[in-house]
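Read through the structure below, which is laid out as structure tokens, and then see the notes.
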Amino acid sequence: MWKKSALKDKIVKLEDISHTHHYVTEKTQGKYHYVYGPYPTPVLSIKSGDTVTCETHDAFEGQIKTESDVPSEILNFPYLNPQNGPIFVESAEKGDTLCVEILKISPRGEQPRGTTLIMPQFGGLVSTKETASLQKDLPERVRKLIVTEEKGTIWSDKITIPYEPFIGSIGVSPEIEAVSALQPDYWGGNMDLPDVRPGNIIYFPVNAPGALLYLGDCHATQGDGELSGVALEHPTHTTVRVHLVKDWKISGPRIESENFIMSVGSARPLEDATRMAYRDLIEWMATDFGFDRIDAYMLLSQCGRVRLGNMVDPKYTVAASIKKSYLFGE
Amino acid sequence: MWKKSALKDKIVKLEDISHTHHYVTEKTQGKYHYVYGPYPTPVLSIKSGDTVTCETHDAFEGQIKTESDVPSEILNFPYLNPQNGPIFVESAEKGDTLCVEILKISPRGEQPRGTTLIMPQFGGLVSTKETASLQKDLPERVRKLIVTEEKGTIWSDKITIPYEPFIGSIGVSPEIEAVSALQPDYWGGNMDLPDVRPGNIIYFPVNAPGALLYLGDCHATQGDGELSGVALEHPTHTTVRVHLVKDWKISGPRIESENFIMSVGSARPLEDATRMAYRDLIEWMATDFGFDRIDAYMLLSQCGRVRLGNMVDPKYTVAASIKKSYLFGE
Amino acid sequence: MWKKSALKDKIVKLEDISHTHHYVTEKTQGKYHYVYGPYPTPVLSIKSGDTVTCETHDAFEGQIKTESDVPSEILNFPYLNPQNGPIFVESAEKGDTLCVEILKISPRGEQPRGTTLIMPQFGGLVSTKETASLQKDLPERVRKLIVTEEKGTIWSDKITIPYEPFIGSIGVSPEIEAVSALQPDYWGGNMDLPDVRPGNIIYFPVNAPGALLYLGDCHATQGDGELSGVALEHPTHTTVRVHLVKDWKISGPRIESENFIMSVGSARPLEDATRMAYRDLIEWMATDFGFDRIDAYMLLSQCGRVRLGNMVDPKYTVAASIKKSYLFGE
Amino acid sequence: MWKKSALKDKIVKLEDISHTHHYVTEKTQGKYHYVYGPYPTPVLSIKSGDTVTCETHDAFEGQIKTESDVPSEILNFPYLNPQNGPIFVESAEKGDTLCVEILKISPRGEQPRGTTLIMPQFGGLVSTKETASLQKDLPERVRKLIVTEEKGTIWSDKITIPYEPFIGSIGVSPEIEAVSALQPDYWGGNMDLPDVRPGNIIYFPVNAPGALLYLGDCHATQGDGELSGVALEHPTHTTVRVHLVKDWKISGPRIESENFIMSVGSARPLEDATRMAYRDLIEWMATDFGFDRIDAYMLLSQCGRVRLGNMVDPKYTVAASIKKSYLFGE
């Protein structure tokens, strides 16, 4: 993909790949899933190298149709954030790494296909189930917005937001747990990281046989932290290519873009998510790029970068990154 | 049970109860469980009012046998904290409350039957997966200790700790999730609250048909916070009586002792667990005891009590309580 | 004071003490102080062993006079939590420890002398300056309450709260900082710990010449966490005896009661305050009582106790304790 | 400065300005300061519009001279992070805003003039005073590095880091507190935000007569979070222009660059710093740009940006920002 990739000598293993293309439509998906886990029957079985296009729903499964809808009357926890999948990857076993290239995201469905909203006890600047208060909730509010690839989203007379799509929730199954698609963790899930966008690769540790890839919850764009708890949610056609890297054991999601490598941490409080991300980045620099760990620690103090995914989910998500030029030389 | 109980007029519903006693032995349990979820077949089906005695394993399923064992070589995440159950309670449905009276806990098994230990990346005064650091782990250490009901535990020549047993992990199934028995949450789980002891009642919101009660992880005693991450773990005979209260909807675990009512919160950071617990306690005081919410808030600022369960699990657990004498009058 | 004290062989240094008694009245105090710092002129100079009685104001300096007062119109940050002092202790130098025995607290002033209230952006179950939200503040509310030593406080027809007074804010000066009396830290300050009560001793590290003791903010009682941000505030006569222990260097406040020793931590988030308290307790057990640190860590996991002071101040305060019987034998 | 500025109609007040240039050399500074507070005599008095060039020390006051120095033996808390100032700004009073244009930062002093290091109990991936652990500290390590404007910093054979200087610590005095220069807060201080760089403006609320500007601790570059606790510290000539905006009351630091406005929050845990920053940004958008607060909240969920300053100081610092094009139209 790139001349210089974190995959390095692992790349040779990617050469002998299959190139079948699969579709997971609303119809072939049937029931969407609200947990990441090993219990459902896979919707599809693929080989390393295959590509898949999924018809994703928005995070509300299309139930919010007009600006006069009242979210708390319509939405029904835990039946939120519907996911496509699980997709079984042949030969994937615990101890391997799944490598997902994000190829393309296009909006689908009738206009106005974009949705954002305020609902009670959810969001970054309101009290929640955990950050409990006695104050009255904000009034609920729904925005239904026209989203196109070419023109982005018209927010108001003055404000147009470009189309910068990414996958909000993507990951593999835990080994024996089945966890809400609202939560991010070491298997991926609801990370809400804008770097999970076309052109980038994301890596996951395989925990269960077949890896069991889930994805959904695509955003037309999103600010750092996903402040109100809801991005510009929209249904899409999302296409990924999936590679299996045998015998590469990682402990959580990692992302690679043309110019950066990134480690992802999900935890509360937010400093713990950041610590996790940075520690894994140091581990990566040491294991694959020959750095002394303390030197990497001191170097990242000078040139590390942090991206806040969300600070609204059951765990908050942060990516810590370093430029590839510091790893490979210019 | 007590003259003055939070159950109040709900108590009449407890009168027409069954009194069958059931046993769940190691043999009838067969495979123990490592997640709280709706997916396994129940080990037992009971009626409201029945009692059950379980043969619980210790948190390490008896695998730590001597002080020269090395925990990190023997223990295998996520196969930790084995639970008895699930026990199906007839007629229990989402929206009901399960009420579990803890009747008796007795140690079982060969001496030294008590175990506590230090393992890497786990505990309250070490770096962990989340509170990541680059420092070297503490050396692992195992203590195997004689535990008896009468004499407690002899820690050293000078120190004897009384036997104050409680159930470390107990709860019901989430609706569609299946979550590690290491984690506490609104369904109960690994709360590590010493108030879950013989003589007290614990209430859980029913989320799935049959409630699906799990329990295990009994502690011979424990300090506030379970500082090193491990209490005095031991296998037991644990006996509980289970009541179903129809149409009483609660949002998380609550505990009642002879003199206190308590609400339980599990979250990170620890202030959020405390906020959750106190907010639910105010809700309880308002709904069942006629308090104005703001008056209850101001009153708890004068006489609320907080018990720290653990600050080492994936979520930390806190109980907030108020004396019943403030609710019922002396 | 007690047969078995943490002071142990340090106790001999307390024998050759002075016994002069001093008064700091409203009049001799003159201007009260709103920061703990080395910059003001001492109100009094004493010798080790002297006793002092202070006329303390309540936390609002008596400005809240009726239940129809509106706190946000009357109170003026940073001029809150008025402190008596500073009291200069002869010979005290950085590296010493100041030992303050709390002898007596009596309410003073006209009835209703007790005050508690709700003010905007302050408290444990509301959004604050830090835990910012967009929700509307709770309505302000003031309670003015009769407080007596004998009968405590009549909260309502049904509820009477006993008089359990303690010093909410007490400490010494930082070396060069001057920090709001609303904040607790390693020098003491606004810890809001009910264990700072008559019969107990509190220890502080001396940071500045003369130690510069401040105190104020006495509470007629308080719940764990000081939930609404305000306890039962009242003006008092507070009497303490002050000892200087030369060459005993501690890193933060410690408390001793008849049956427990306690270390105090103040930080955010709350788990950090708890970590600080427990680490210092282990340090104390190792240095003064001969424990191996890892053994102390594992022992506290079985029998440590945690008391939450407040979770509403700029830093939250926790005390971690162990029974003296585990240190000295029964 | 820019055609479109947050100062808008406030800009007219900047026209009638003085243009005197002042120098604060090591010699005229004399004693540097380790707290931000109102107690020292100002080193200089200036008029609104004046420029000042300061000879700043590095954060260690030049005491770390070679790579074999042992930081914990040389550095002496609280005498760290030396600040120039305080600079008295004529007519500045509580309720005004101080506006500081950063004009230029140049390295000064003998090579190797750059310093970074690891010291015990300090940093983002080690245990600290607050995030206490029992693990052994990392070994101390010092890097002394050549820093030039043209070539940046040569970290190793392969790695060169460009010179991207900014002011690590800058702010005004609190009203009556005097707080360690290691801490950031609503008055500014040790924010470690790379956006405080030449070409940008930073705004502070005036709390004390004359505002009392302090600055120091310039970094040759820094990664997000200042991971090891220490950036590339170096002594500089730093030049700023200071404006006073009368009767503009803000509650914490704000920054303006050519294309963004940013609000700064400092708190623990890190989510609270982020909440503070975003709430103030919404307040700014509402007050000065006519946004409805809930609309601003929802819009920032789509296009807000977050920059992590440090997650190692006594409070962590975050800046939340929005593009000016969303405020002014393109």
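Order of writing sets the chain letters: A, B, C and D. Residues in each chain are counted from 1.
Here is the rule we go by: a residue touches a chain if its C-beta (ideal position, glycine included) is under 8 Å from a C-beta of that chain, and two chains touch if they have at least 3 such contacts.
Being a predicted model, the structure only gives us computed values, none of them experimental.
Asks: Spelling it out: a chain qualifies if it touches chain A and also touches chain D; which chains qualify?
Replies: Both chain A and chain D are touched by B, C, going by the contact rule given at the top.
Asks: Measuring between Cα centroids, what's the chain most distant from chain C?
Replies: A
Asks: Please work out the Cα centroid separation of chain B and chain D, and write it as a whole number of Å.
Replies: The computed centroid separation for chain B versus chain D comes out at 48 Å.
Asks: Using mean CA coordinates as chain centres, what's the gap between chain C and chain D in Å?
Replies: Once rounded, the distance between the two centres reads 34 Å.
Asks: Quick one: which residues in chain A touch 2 or more of the other chains?
Replies: Chain A, residues with two or more chain partners: 125, 131-134, 138, 268-269, 275, 278-279, 282, 294, 297.
Asks: Can you list the residues on chain D that touch chain A in the complex?
Replies: Residue list for chain D touching chain A: 116, 118, 123-125, 138-139, 141, 143, 153, 155-156, 158-159, 161, 221-232, 268-271, 274-275, 278-279, 282, 294, 297-306, 308, 311, 316, 320, 326, 329.
Asks: Taking the touch rule as given, give the residues of chain B at its contact with chain D in the complex, in rising order.
Replies: Where chain B meets chain D, its residues are 125-127, 131-138, 269.
Asks: Where on chain B is chain A touching in the complex?
Replies: Residue list for chain B touching chain A: 34-35, 37, 39, 78, 129-134, 174-180, 265, 267-269, 272-273, 275-276, 278-279, 282, 293-294, 297.
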